[in-house]
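In the two assemblies presented below, chain A is common to both, partnered first by chain B and then by chain C.
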Partner chain A sequence: MRPHAGAPLSRRRFLSLSAAGAATGAAALSGCAMQVSSGVSGSGETVTVMVNSGDILPEQVQQAKKDLGIKIVLVKYDITKLIAMLTSGNPPDLVRGVGAVDSPFFAARDVAEELDPYFSRSGVLKVDDLDPVNDLWRFDGRTQGKGPRYGMAKDFSQDSMYWYNTSAFDKAGVDHPSETEPVTYEEWQETAKRLVQRKSGQTTVFGGSYGGLTRSTLLTTMTASAGGSLFNDDFSRVDFTAPEARKALAWYIDYCKTKVGPSLIQPDPNGWDGPTYQAGRLAMSNSGYWMGGMIYPDKKLAEVSRLAPAPLFAGGTRISACQGGTGLWMPKKAKNKDAAWRVFEWFFGEEPAKARAGGGWGIPSLKSMRSLMPAQEDAQKRALKVQENELKHFSVVSFTPYTRADALDALFNQIAPAAMNGQISVDTLAGRLNSAINEQLKRGKEQVG
Partner chain B sequence: MTVDQISSVADRPDAAARAGRAPAVGGSRTSMTARRHRAFYMFTSPWIIGFLLLTVTPMVYALWLSFTTFDGISPNWKYVGLGNYRELLNDPVTWDSLGRAGLFALTSVPLSIIAGLVLAVLVNRPIKARGLFRTLLYLPAVVPPVGAGLAFKLLFDQNSGASNGVLTFFGFDAVGWLADPYARYVLLMTVLWGAGNVMIISLAGLQDVPRELHEAARIDGASAWRTFRSITVPLLSPVLLFQTVTGMIASVQTIMPLLLAPLGDTSGITTVPQSNYLYMMHVFAQYFALGRYGYASALLWVLFVLILAVTGLIFKFTSGAVFYNVDPEAKK
Partner chain C sequence: MTATSLQPKSLTTDARVRVRAKRLVLYTILVSVTGLFLGPFGWLILSGLKTQGELAASPVHWLPDVFQWHNFADAFHQIDFLGYARNSLVIALIYATLVTLSSAWVGFGFARLDAPGKKVLFGVLLGSMMLPQMVTLLPTYLIFAKVGMVDTYWPWVLWGLSAAPYLVFLFRQFFAGMPRELEEAAIVDGCGYATIFWRIFLPQSWPVLSASFIIAFTWTWGDYIAPQLLLSTDRTTLAVAVMTAYVNDGGTPVPELQAAASVMYVVPILLIFLIAQRGFVAGMSTSGLK
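Here is the complex of A and B:
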C-alpha cells in the first residue's frame, strides 16, 4: 500500500529512506574521494605522490611547480591507505616503496607499471647510468633482480656494514676493526661482548647493534653470506633448518641472547641507532653509509667514527647487499602516467637527486652522480674510501614475491623471543618458523596464482 | 524542550494562522502524530544516517570479508564460507589472546572503577583547592593515548627509564619492565593513569545523591562506611553499571599494548610481550602485518558477538542490584 500525502512517516519507511540516503551518500563520498585523492586536474598537471615526510620537501614541491609546471600533491605513506586506494582503482601516481622487499610483491600482483618503455625514451634517466642497486626493482615474474623494471631507488647503502666508535674501542682496550678487510660474524659478536658495559642490571653502553633493515632481509642476506639461500627456487618456501640458514639464525639468536645490543628482548627506546650512537652509548652500529649523513655534521662524533665492511661467516662468501633501495614505483592504474614519469625523472635525475647525493645520506642510484658524494672533510673521505671498496661486493639477494616483509617479520617477532630468552632451542625455533612462514607463503602463492 | 513540546508549539492555532493556514478544527490526531514522528526523525536522522553509513556498512562489509581470503590487493582471493571461522576455532593464538583479554578486562575494569570512585569521593569532600585537585586528577585522562604510551615507554625503559633510575639509586637491580613478566603491570598502570575519566563520571553521580539522605543516616548514627555502602553505592549503581559495561567493551578493544611495544612499525604488533598480546593485538597482526583481511574480519565478528553476549549477561545479572532513581510522579 502506498502511503498517502500527509500520512505519518513510518519507521520502516524512514529507515528505508535513510538507507537509500546512506547508499547515495556513500556513492557520493566515493566519487568525491576519487576526485580528491587522484589529484588529477583537468589539465593533467597534478601528480599525487605517496611518500614519507621528508622524502620530498615542501620547497621541492614549489620548485617542481616552477620548473616542470606540475603540481605535486603529497600524500603520507600508509600501506593500509595505499591498499584501499589500489583496491578502489584510485591509486596515487607514484608511491614510495622499499626495492628490496616491495618490488616483487607489487609486481607479482600486477599493480605496478612496467617502466622499461619510459626508461627507453627518457633523456634524463639512461639505463647505462643506473647503478646495479636498481636491479632490486626488477622482477621477471619469478625472480627479483631480473626482467622489467618497476621502480627505482632514490639512493642506497649496503646495509650489512657497520659504523664503530673508536673511543669505545680504546676505552675497552680492543683493537679497531679493519676498514678494508671484513671480520667474521663470530668475531664481530666477540668484540661486542668485550665492548658492552653494564651496571646494576642496566646496559650503559651497548657493544653493538645488529638487526639489519628488517629481520627478513637480515636473515636472507646472512644466509646468502653463509653460502646458501633462505628460499627455495621458486620462493614459495623457506627452510631455516638448511645448514646456512640455521647458521644465520643461530648467530642472530645468540646475539639477542647475550644482550650485547638492542633486540626484541632488549629494545632501544629510541627505535633506531642514531641517537644512541650519537650519545656514545653504542660502540658499533649496523648501519650503512647513510648514517654518515647524521655523523658528519657532529665534528666530535665524525672524528671518532669509522665505517667498516660487512662481516662474513667464516668460510662463507663476501656479500654486501642492499636491504633497502627505497624509491618510487608507479601503480598500473595511475591516472596521469606521463606527468608522473616527468616527476619521476625530476626526482631521480635532477635537482632532488643532486641534493641527496651531496647530503651523505646514501649512495646515489645514478653512477653519474657519484662525484657529488661528500668528500671535503677527512671523515667523509675515509668513509667514502671504505664504501667505494665495499661496492665491489654488492649483490642483489632476491626476496619472495608471495608476501610482504612485514608479514615475515611479524611472524618472526612472535615466535623468536622464546628462543632469545632460552626457552626453546634454535632447532625448535627453525621448525616453528618454517611452519608459520611457509603457511603464509602458501596463502600468498595461491592468491598470486 | 522535548520533541512533543516542539510539535505542540508548531501545532498551535496561532502558529498555523501566521502561516496562512486554517487552524485544524478539533486537531487531526493523525496529522499531529505525523508531525511528531517527522520532527523526531528529522532530529535523529544525522545520527541514523551516520550510523548506517559509518557503522552498519563497514560491519556488513567486514562480515562479507570474513567469508573470503581477501588480502586487500591480490587478484585471486576466493569465497571460503565458514572456513575462517573454523580456522579461528582451531587457532591457539586466538584463544590464548582472548583469554588474556578477558583476564585483562576482569582486572582492569574493577581496578579503574574503584580507583575512579575513590578519587571521586575524595574530591567531592569540601576541601581546600578542590577544583585544582579535580583538574590535576583529570589531567592524565586528556593526554592522548599515543603520548601516554610514549611517556610510559620512556619511563619504564630498562636502561634509561626513570623507574629503574629510582631502583638503582636505592641499590636495587634494574627491572625489564616492558618485557615479560612485568609488562602486564605496566599495562595496568597505563589503565589506572586514565582513571580520571571514571572519576569525573562518578563525581557527577555523587553530586546527584540527595544530601538529606546522608544527613538522615548521620542522625540515625550510621558510620561513614555504612552510609557509603547503603546509600551512596546503591544510588550510584546505574553509573557503576554504565562504567562496567563501557569499561569492559573498551578494555577488550584496547590498543595500549601496541603503544608500549618495542617496534612501532606494522610488524611491531607482534613484538608486544606475550602477557600483553591481547585479542585486538591478534586482530591487528592479522589485518595489517599479515594482510589477512578475511580472517581478521572473522576475528572481529566473533569479538562483536562475544561483547554483545557479555553485555547481555551483565545486564541480566545486575538487574536486581541496580537502583534507578525514577520519580514516580514523572512517570504518570
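Here is the complex of A and C:
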C-alpha cells in the first residue's frame, strides 16, 4: 500500500530515502565542492600554491593551465594552515614566504627543499641573473645569505628607505632630504619633529613613520647600520645591551616616545602607511620603492612624492637591506616537485614576473627584468634614479633560524610599551628583551636540534 | 464641589504627563541604544561610499564629498562575489539543516529519556561549549586530512550530524517544558520514541527550530576560521573572500571595497532575520533562554 501524504514514514522507506540522499550528497560534496569562476578544472597535473590574494591572479591561473598544462590550486596563506598541512604530510607544492625571516626558519627545520639542483638545470632562471636579494633565500645551516638556495624573491624593496611629501616639507620650511646622500637617523627624527602637526592634543599629520616591515627586522637592520649585530655568532641569542643594538633600540623608543609617527602607543587607524600618506597625513613614510606602485597612479601625489636613501647612524655603515624579499619556497614533502618547479619558473621568470616588474610595486628579482621597471612619468624616473643608486648599498642582514619574526614581535610588543610610555628605561627594556627573547630562541634551538 | 470635581481631572492630567515623560525618557534611551548598536553598521555603509583618502582623513570625514556608489559595483566585480556567496549558502544550508535536526534529536533525548549517566553526559556536553575553537583547530585539520575531506564540504555535514551543544541545550529546555501526557498518550497508542519525536514533538517546536536554524546559519555564514583552514581559494566562502581578496596590486588592502563588500555580505543575514524574527524571538523565549 502506498503511504498517503502525511502518513508516518516506514523504517524501510526512511532508510531508502536516506540512502538515496546520502548517495546524492556524497557525489555533491566529495570532489565537487563548488568552485568560483576563477577555478580551473580539467585533467593534467595539479600544483597547490599557498599564497596571499593578489600574488597570483585568477586570470594567471587560467593562463598557466593553457601555457603549462598545469592546474594551479590556490590556497590562502595562513601559518596555522601551513603547519597543519606540513604536519599532515600533505603540504602545498609551493608556499609564500618572507625571505628575510622565513627562509632560515624553514630551512633549519629541514622542511624546505634545496633548490640548487633545480636552478642548475633551469633554462628560465639562471643563477647569474639572480639579483643579490635572492641570497636572503640562502642558508648554510647557520647563516642566512650563504649556502644552498631554498626559494626566491618575487620582487623586493630596500625597506629602510623612505618616501616624503615635498608639500609637507615646504609648508614647515624644512629642506628636502638629498636623493643621493642619506641623512642620519638622528637627523631624520629631528625632521619628523618639525613636520608633525597636532591639534587639541591629537596628531593630525604624522611627521614620519619608521617601523620597518617588522620590529624584529627593523631592529636587526638598524643594529647592522650602527655597525653591530643583534644576534650572536650562531644566532641563538640576542643582546640589546651591546652598544650598537642599544643605540638602535634607544632611537626607536625615542621615536615612539616623541610621537612623531605611528607606533604601538600611537597606532595609525589605517593599519599601514598607504592611505595615511595618500591623505596627506604623513610627511615621511618608511616604505621602500614598492610604495611607488600606489603613488604613481595618483598624479597629484606623485608630483609631490620623493624617494630617499635609507638613513644611517652617525659614524655607522651605510647599508640598505631588504626586510622582506617575499617569494616562494618548496616544501620537501611536496607531492609534485617537477610540476611545482615549472610553476616556480613561470612565476619568477615568465609572464607573472614581467607583469610585476612593470607594475612598480617592487624591484624585479631577476637583473634581466630591471629594464621593465616603469620609467615613463617624471615621478617614476626620479624614484628609479634614487633606487638605482641605493642598490649599490644592498646587503643581506642575517636573521635567526630559531624563531619566527612575528614571535619576536609579539614579545617586543608586550614588553616595549612600558619604555615607550616612559615607565622603564631603555636599559631596563634591553635587559627584559634579552631575557624573554633568549628564552624563546633557546626553545627554538632545542626544536631544531 | 467645583474643587472636588476638578481634582480628579487634574490628577489624571498629571498622571498622563508623568506617563508621557516616562515614555519620552524610555524612547530616548531606546533610540540612543539603537543608535549605538546601529552606529558601526552605519559607519560601515558610509565607509563603503568613501574614497580611500576620505577614509584616512583627519579630522574624520563624516560624509563623503561624492558618494562612491561604484565601490559596491567594484566590490561585486573584483571577485566572483556570487560564486563565493553560493559557496557560503550551500555550506550554511547544509550545516544549519543537519545541525538543527540532530540537535533537536539529542535535545529530545536529554529532555524526555532517562538513562544512567544522563546528567554527567549533559554536563560533558555543556562543558564542551567552553572549549575554544582554536584548541581543536589543528587536530580537526589533521583528522579531516587523514580521511581526505580537506577541500570538500564533508566536514560541515559531519559537524551538522554531530549536533551543537548550545542548540541541544536550546531544544532540551523546550522539550522539557512539554506536557508528559502527550508522550504518555502516544505510548499508549503504540508509538515508539522516534515516532513521538518526529510526529509529536518536532511539529510543535517550530519556534525553536527556526531559532536554531537562524543561529546555525549565521554561525556558518560568518565563520572565517573553518573555511579558511579547510577550503582552497576557489571553494572557500564569502566570509574568507571579503576578508582577504580585496587587495591592490601590491597586496595591500583596499578598505573602501572591503567595507562595501562587507555591507553586501551581511545583507542576507539581515534579511533572514527580518523574515524569521518572530519565530526566532519566540524560540528563544519558549526555550527558557530569554
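One rule holds for everything that comes next: the second predicted complex is superposed on the first by the 405 of 449 C-alpha atoms of A that agree within 3 Å, B and C clash if a C-alpha of one lies under 4 Å from a C-alpha of the other, contacts with A are read in each partner's own complex, and residues count from 1 in each chain.
The rule we apply is simple: contacts are C-beta pairs under 8 Å (C-beta built on N, C-alpha and C of every residue); 3 or more make two chains touch, one makes a residue touch a chain.
Given the structure is predicted, the values throughout are model-derived calculations rather than measurements.
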Exercise for review: Figure out whether A:83 sits in contact with chain B (first) or chain C (second), or with both, or with neither.
Suggested key: both
Practice item. Go through the superposed model and pick first if A:274 touches only chain B, second if only chain C, both, or neither. Key: second
Check your understanding: Touching A:204 in the superposition: chain B (first), chain C (second), both, neither?
Key -> both
Practice item. Please work out whether A:134 is in contact with chain B alone, chain C alone, both, or neither, and reply first, second, both or neither. Key: neither
Exercise for review: Look at A:266 in the shared chain and tell me whether it touches chain B only, chain C only, both, or neither; answer first, second, both or neither.
Suggested key: first
Review point. In the superposed arrangement, does A:305 touch chain B (first), chain C (second), both or neither?
Key: neither
Exercise for review: Identify the partner contact of A:395: answer first if only chain B is touched, second if only chain C is, both if each is, neither if none is.
Suggested key: neither
Revision key, fill the gap. On chain A, the footprints of chain B and chain C overlap at residues 8-9, 25, 29, 80, 83-84, 87, 199, 202, 204, 269, 271
Point to revise | Residues of chain C touching chain A in the complex | key: 52-59, 79-80, 83-84, 86-87, 90, 137-138, 141-142, 145-146, 150-154, 157, 195, 198-199, 228-229, 231-236, 240, 244-253, 255
Exercise for review: Please give the residue numbers of chain A that touch chain B in the complex, ascending.
Suggested key: 6-10, 14-15, 18-19, 21-22, 25-26, 29, 79-80, 83-84, 86-87, 109-111, 199-204, 214-215, 264-267, 269, 271, 403-407, 409-411, 413-414, 417, 440, 443-444, 446-449
Check your understanding: If you look only at chain B, which of its residues touch chain A in the complex?
Key -> 30-31, 33-34, 37-38, 41, 45, 48-49, 52-53, 57, 69, 71-77, 153-154, 157-161, 164, 168, 172-176, 178-179, 262-271, 273-274, 285, 288-292
Check your understanding: What does chain A use to touch chain C in their complex?
Key -> 8-9, 25, 28-31, 33-39, 48, 52-55, 73-76, 78, 80-81, 83-85, 87-88, 90, 199, 202, 204, 269-272, 274-276, 278-279, 281, 290-291, 293-294, 359, 361-362
